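You will see two complexes here that share subunit A, one where it goes with subunit B and one where it goes with subunit C.
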Partner chain A sequence: MLTVIGRRSLWAIPVLFVIQTSVFLLLNALGDPAVAQLGPRASAAQLQNWRHQHGTDRPLGTRYLEYMGGLVHGDMGVSHQESRRSVTDVLETRLPRTALLGAMAIVIEVVLGLLLGVIAAVRRNTLVDTGVMGVAILGISAPTFVTGLLFLNILAFRFGWFPVGGYGVDAMDHLRHALLPAFTLAITGIATYARVMRAEMLETLRSDYIRTARAKGLSEFRTVVVHAVRNALLPVVTLVGLSLPIIVSGAIISEAIYAWPGLGRLAVESITSRDDPVVMGVVLLSSLGVVIGNLFADIGVAALDPRVRTDG
Partner chain B sequence: MRSILRASALCWAVLLLGCKEPPRGPRYRGDGNAHARAGGTLVVHHEADVRGLDPATSYDEVSQIAIKLLFDGLLDYDYELNLIPRIASALPTISEDGKTFTFHLKRGVRFSNGRELVAEDVRWSMEHMLAPSTSSPGVGFFSLLVGLSEFAEGHSPHVSGIRVLDRYTIEFELTAADQTFLNAMAMPFTYPVPRENYAAHPTDVARNPVGAGAYTLEEWEPGVRLIFKRNPRYFEASTPRADRVLYEVNLQRESAFLRFRNGDLDHAHRFTPADRLFLRRSTQWAPYRVEGSGGDIWGLAMNCEMAPFNNVHVRRAVAFAMDRERWSRARNYALRPIGQALPPEIPGYSTTLSSVQSFNRARAREELALAGYPNGIEAPVTMWISEGATGTLYAELAQADLRAIGIKLEIKQVSFSIYLQQTARAHTAQMSLAGWNQDFPSAATFLDILFHSRNARPADAENRAFYRNASVDALLDRARTERDSVLRRNLYEQANEIVTRDAPWAFLFTSIRIEAYQPYVRNYRIHGLWSEFYRDVWLDLPRQRVAMRAAQNPWRNLAALMPFGGL
Partner chain C sequence: MDPRAWRRFRKNKGAIVGALLVLFVTLTAFLGPLAAPKDPDLQYSEGLDATTGLPVAANAQFRMGADQLGRDELSRLLHGGRVSMQVAFGATALAVFVGLAIGVATGFFGGVFDTATMRLVDVLLSMPFLLIVIVINQVFDSPSLAVLYVLLGLLSWTTLARVTRAKTMQVRELEFVQAARALGMSRSRIVVRHVLPNVIQPAIILGSTLVAQIIIVESAMSFLGLGVRPPTSSWGTMLHDGVGFISNAPRLVLLPGALIVAAVFGFNLLGEGLRDALDPKS
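Right, the complex of A and B next:
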C-alpha cells in the first residue's frame, strides 16, 4: 500500500513541473504585463521602470529558473498589484474559503447523493425512483453557470432563503453565505452519486446474502442499511477523491456568481488584471488539488481492491 | 428512461416557470426627510478590484472611486464640469503670460491624521508624484513645469517651477503657457498627502492611505471589500453624509444587480444587456434611474501610413459605411452614435458636423470609387481587437458594415497588452477598434493625445492612426495657450472639424451610463468626470437599513413553498 502511495506521490512532481512550466510560458506569450498593468497612457520610461521593479525586464530563462528555484523554497513571488503582497500571503487568505466551500460541497453531495441513490433503488420503478433520476439527469446536464444563476435568482432573490451572494461578516454568516454556492458546486456530485449508488444498490439487493438476510427475518430497514448500503458504498467511496478536480474547476464559476472571495474568484481576478505571479500560484494550488484528489482515488481503490494493491 | 426524462423536464419547468413573481421595483423606501442628515452605511460595489489607494499611482477607475472618498485636491469640478476650488481658497491667479499659477490654500484644512495641510505638503506631494521612482502615470500631464527634467535626472532636489511662497501659498511656473494645467491640477495625481505616512509605509502606502478627504479607510479586505468611515477632521465635516461607505469589489454583474434589487446594495451600474433593458423599461425604478454620458469616444482607428487607409477617400468610405444606429441597438441602446472626435459634453463638440461622418452607404461607395475602388477592395483589411466579448461583437458589426460596401475585414484578436503594443507601433496595424476616455473635460485630452502629430511616434504612439496634419497641430497648440474660453472652444471646434473630415478614425459612438439607486439614497448624481462619485450622498433610511438584516431571515418565505404555494 505504501509503495502505491509513494509511487503515485512521486508522479505528482513531474506533473506539477510540466503544468507550471506550461503556464509560465503561456503567460509570457500573452504580451508585456507592464503594458497591461499601466495601460495606454504609460510612457516608455514608466514601462521600463515598472519592468525593472517587477523583474520582468530580465531574460525569460533567468526568470524561469528564479521562479522554479523560489518554488522549491516555498516562495511563489510577489503580486503585480500595487499592494505588492506576497503570493503566499494572497493564497493563504483565499485558500481556506475555497476549502470551506469544497468541504461543504463534498459533504452535501455525498450525503444527498447516497441518500437519493438508496431511496431510488429501494423504490425502484416507482414515481419516487423516476423523480430522483429525473433530478439526477438535470444535475448532471446543467452547467454550474446555469444552476448557479438559477439558484441565485430563485432560491436567494425570489424566495429569500439564502443571501444573494457575498461572503458575510462573521463565522456563522460565512457559513450561511456558503450554503448556496456549496450546493451549486455539489449538484453534479449529488447526481453522479445518486446514479452510481442506485446501480450498486440494485446489484447488491439482488445478491444471495441479502436474500439470506431477509430469510433470517431481518427488518427491511436493517437489511438495506446494514447489509446492502454498506457493501454498495465501497465503490462509491473512491468517487469522492475524483470529485475534487470537479470542485476545483466548478469553484471558478460558482465563486464568481456568488461573489465568494475564494481561489476561484482570485483566478478570474488575477487573469483579468494580468497578475501573473498570482495566476501561477492559483494554478499550482489547483493542480495540487487535482493531483491529491486523484491520489486519494487511487489509494481508495487500492485499499478496497486487493488486486490493485498487489499489482501496483 | 422516457419517464425519467419527463420527470427531469418537470423539475426544470417547476424551477423556471413556477416561481413566484419577484419584486419589480424597490423593496425599501425612504423615510421622506427633506433635509440632509448624517448616518447609516452606504453599500456600493464594483465588478473589478481596487488596485491601490495612492493618488500618485492608482489611476484606474475603480481605485479612483475610493480615492475620491479619501482625498481632496486643490481644485475639482462641479456636476456641470466647471472648475471649482476645494482645498484652494479660490481658483488660482494666472500671470499675464499664462505661465505662472498661484494657489492660496484654505486655512485649517487637516489630514485625517490631524496635522494641518500647508503649502509645503502640496509641493512634497507633487514632487513625490513626479519623481521617477514613483512611476506615476500622471507625470506626462505636468511636463511643462520649469525644472522638471533637472529634477527627474537627479540634478536638483526640487522642481524649481514649484515654489512655496508662504505657509498657505504655492506657485507653479511653466515653460510655456498651457491652459490644461488647471485641468491637470484637478487630477487626483495632485492630491496632497502627508509625507510622514510615506515614511511610515515605505513599501505599502497604497494600502495605508491618509488624505484630507471626507472619509478614512477603516478596513480593507483585498479582493472583497473596503470600508470607509466618515472623517471628523474633514474641512466640510459639518455637511451631512453617510457615516460609512462599504465598497464591495469583484462582484459579477448579474449577481450584483440581483443584490441591488434585493436591497443589499444601494447603487447599481454596469449591467448585462438583459438587466439594462429591464431597468430602462421599469416604471417602478424610473424615478431612481439616472443616465449620463460616458465621457468617451469609440471608433475604428485607420492607419494613415498604411494602404489602403493612406487614401482619405477610403477612410471616409469606412466612416460612411458604419450603421451606428444598428450598433446601438445591438448593445441595447448603451451607445450614443456620434460622428466626430469629441463627445457632446466636451467644449469643441460641433452640432454642425452630423453629416460628415454618418451612415450613408451610397456616399461610402462614392468615396470608394473616388479612391479608385469602384467595385470594392480586393485585398482583405485586418482589424486588431483586444480580448472580450464586447470587442468581438463590435468587430462582427464592423465586418458586416464593410462587407456591404465591398471591403472584406479580417479580425485579429489578441491579448490587451499585445493589442496596446502592436497598435502603437508604426506600419503594424492597418486598423484597430479604439476607444478613449477623458482624463479631464477638455478637448485636449482627446484631440491632442489621439491626433497631434507629436504623438505619432514610431513606437509607443498614442496617435494610433498615425495621422499628421500641420493645420490641426497648429490649432491644437494655439488652443492650449488660449486663455479666453470662447476662443479656445472655437479653436478646438475647428480642429475637431478637420479631424472628422480627414477621418483617421471612423467615429462611432460615446457610451451612455445608466445607473440606479435605492429610494433612500439621496443627493446622488452622475458626475460628468468621476465614475460613481459617492462623497456627497446621504441616507434617508439608516433606521430601516438596520431592520433590513432581520428581514433577510432565510426562512421568511417558507410558506411560499407549501404546497408549491408561492410558486
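Right, the complex of A and C next:
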C-alpha cells in the first residue's frame, strides 16, 4: 500500500514538470506580453524598454533555465504588474480564499449528495427517487455559470438572502460571502455523489446481512442508517479526491460570477493582462491540486481493491 | 444496430427525451440562421429604450426583445447556437478520431509506444483542463474558431483512448481474432474487420457525453470573455454580455443559459440512454 502511495506521489513530479514546461514554452514562444501590458498604442521604444525591464528580451533558453532553477528553490519570479510583487506573495494572499471556497464546497456536496443518494435508494422507483435522480442529472448538466447566475439573480438580488458577490470585511463576513459561491461550486458534486451513493446503497440493501438485520427485527431506520449507509459510505468517500479537479476548474467560474478575489479570479486577470509569471504560478498550483486529487482517488481505490495494490 | 438495443433505447424515457432535445438543439443550431428574422449583428435604435437606454422587452418587432446593443435577441440566439454546436461537434469528432486511433494502436500493438502514450494520457489527465485551454486559446492571437475546436479536440481524447485501449486488448485475445490471425489475415485487416466494430460502441457512448462536456467548456470560456471572440458570438458570449443586465433584463441571461442547459442535458441523457441500450450489463 505504502509503495503504491510512494510511487504515485513521485510520478507527480515529472507530470508537473511537463505541464509547467509546456505552459512556459507556450506563453513565451507565442505572443508578446509587452503589447498586452502596454496596450496597442505603445511606441516601439516603450515596448523595447518594457521588454528589457522585465527581461523578456533575453533568449528563451536562458529564461527557461532561470525560471526552472528558481522554482526548485521556491522562487516563482516577479509579477509583470506595476507593483512588481513576487508571485509567491500574490499566491499566498489568493490561495487561502479559494481553499475556503473549496473546503466549504466539499463539505456541502458530501453531506447533501450522500443524503439525497440515501433517500433516493430507500424510496427507489417512486416519485421521490425519479425526482431526485432527475434533478441530479440536471445538476450535472447545468454548467456552473448558469446555476451561479440564477442563484445570484434570485437568491441574492431578488430575495436579498445573500450578499451580491464580493469578499467581505472580517472573518464572519468572509464566510457569509463564501456561502453562495461555495454552494454553486458544489452543485456538480452533489449530483455526482447522489448518483453514486444511490447505486452503492441499492447494492448494499440487496446483500444478505441487510436481510438478516431486517429478519432479526431491527427497525427500518436502524437497518438503513447503521448497517447499510456505513458500508455504502466507504467507496463513495474515496471519490472525494475526484472533486478537487472539478473545484479547480469550477473556482474560475464561480469566482468570476461572485467577484470572489481568489485564485480563479487571479487566473482570469493574469491571463487577460498577460502577466505570465503569475499565470505560471496559478497553473502550477492548479495542477498540484488536480494531481493531489487524482492521487487521493487512486489511494482510495487501492485501499478498497487489493488487486490494485499488487498491480500498482 | 442490434434490434434489441433499439428496443431498449425506445423504451427508455430518458433516452427519448435526450434524443429529442439533441434533435431540437441541433436543428436550432444548424437551420436557425436560415430562420432568423433579422441580421444578428445589426444594431437597431428602436431596440433600446429612448429614455432609459435599456434593451426593449419582447414586442412585435423584436420577438424576444433586444440585447444591450439593440440587436435582435431571437436572431442572435439562432445564430449563436451554430457557433456553439460547430465547436462542440468539431472538437468531439477530432477527439473521437484521435482517441479511437490511439486506443486501438496502443491496445493492439502495445510496447514502448503504448507505455509512452499512456504516460502522456496521465499528464493530460493531470492538467487543470479549463485553465490550460484558456491559456492556450489566449496565446493564439488570431480569433479563429478552428483554433478553439482543434485545441479542445486535441485535449479531450484521453478517456476515450483509455477505454478503447482496454477494449482492444480484450478483443485481441479472443478466439476469433486468433483464428483470423491463424488464417493469415493481415494485421490491418484484423483491426478494421474485427477490432474496430467492437470498440465503436463505447466510442459512440463516450462521444455523446463528450459533446456535452465540450459545450460546457466552450460556453464557460466564452462566458469569461476568453473563448469565442467578437464579432462571432456563441450562447456563452451572449451570457457574458447579458450579465450586466441580470437585474434589468434577466432574459438576456436566461435564454442563452436555458439553451446551453438543454443542449448539455440532451447529450448527457442521450449518452446514458445509449449506454443502457448498447451495454445493458453495466
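The rule is simple: the second predicted complex is superposed on the first by the 309 of 312 C-alpha atoms of A that agree within 3 Å, B and C clash if a C-alpha of one lies under 4 Å from a C-alpha of the other, contacts with A are read in each partner's own complex, and residues count from 1 in each chain.
Keep in mind that, in the parts below, contacts are C-beta pairs under 8 Å (C-beta built on N, C-alpha and C of every residue); 3 or more make two chains touch, one makes a residue touch a chain.
For clarity, every value in this text was computed on a predicted model and none was experimentally measured.
Visitor: Determine, for the superposed arrangement built on subunit A, whether subunit B and subunit C clash or fit.
Guide: Partners clash after overlay.
Visitor: On the A-aligned overlay, A:Ile137 touches which partner chain: subunit B = first, subunit C = second, or both, or neither?
Guide: In the superposed model, A:Ile137 contacts both subunit B and subunit C.
Visitor: Classify the contacts of A:Arg63 with the two partner chains as first (subunit B alone), second (subunit C alone), both, or neither.
Guide: neither
Visitor: One more residue to check, A:Arg124. First (subunit B), second (subunit C), both or neither?
Guide: A:Arg124 sits against neither subunit B nor subunit C.
Visitor: Looking only at contacts as defined up top, I'd like to know whether subunit B or subunit C touches more of subunit A.
Guide: Greater contact footprint in residues on subunit A: B.
Visitor: Mind working out whether A:His174 is in touch with subunit B, subunit C, both or neither, as first, second, both or neither?
Guide: In the superposition, A:His174 touches no partner, neither subunit B nor subunit C.
Visitor: Thinking of the overlay built on chain A, is A:Ala45 touched by subunit B (first), by subunit C (second), by both, or by neither?
Guide: The answer is first: A:Ala45 touches subunit B but not subunit C.
Visitor: Answer with first, second, both or neither: which of subunit B and subunit C does A:Pro261 touch in the superposed model?
Guide: A:Pro261: touches subunit B, not subunit C.
Visitor: Determine, under the contact definition given at the top, whether A:Arg214 touches first (subunit B), second (subunit C), both, or neither.
Guide: neither
Visitor: Would you find which stretch of subunit C runs into subunit B in the superposed arrangement, from 37-45, 199-207 or 217-225?
Guide: 37-45
Visitor: So which bits of subunit A does subunit B touch that subunit C touches too?
Guide: Residues 30-31, 137-138, 141, 149-150, 152-153, 157, 256-257, 272, 274, which sit in both footprints.
Visitor: Which residues of subunit C touch subunit A once you look at their complex with the stated criterion?
Guide: Its residues touching subunit A are 14, 122-123, 125-132, 134-136, 138-141, 212, 216, 219-220, 223-226, 239, 243, 246-247, 250, 253, 257, 260-261, 264-265, 268-269, 272.
Visitor: What part of subunit A is in contact with subunit C in the complex they form?
Guide: Residues 11-12, 15-16, 18-19, 23, 26-27, 30-31, 137-138, 140-146, 149-150, 152-153, 157, 245, 248-249, 252-253, 256-257, 267-268, 271-272, 274, 279, 282-283, 286-287, 289-291, 294.
Visitor: Sort out for me which residues of subunit A touch subunit B in the complex.
Guide: Going through subunit A, the ones touching subunit B are 30-36, 38-47, 49-50, 53, 81-85, 90, 93-94, 130-131, 133-135, 137-138, 141, 149-150, 152-154, 156-167, 176, 256-259, 261, 265-266, 269, 272-274.
Visitor: Where on subunit B is subunit A touching in the complex?
Guide: For subunit B paired with subunit A, touching residues are 3-12, 15-16, 19-20, 22, 48-49, 51-52, 54, 57-60, 132-133, 135-137, 139-140, 203-204, 206-207, 221-224, 248, 250-252, 254-256, 258-259, 261-262, 264, 414-418, 420-421, 424, 439, 459-460, 462, 552-558, 560-561, 566.
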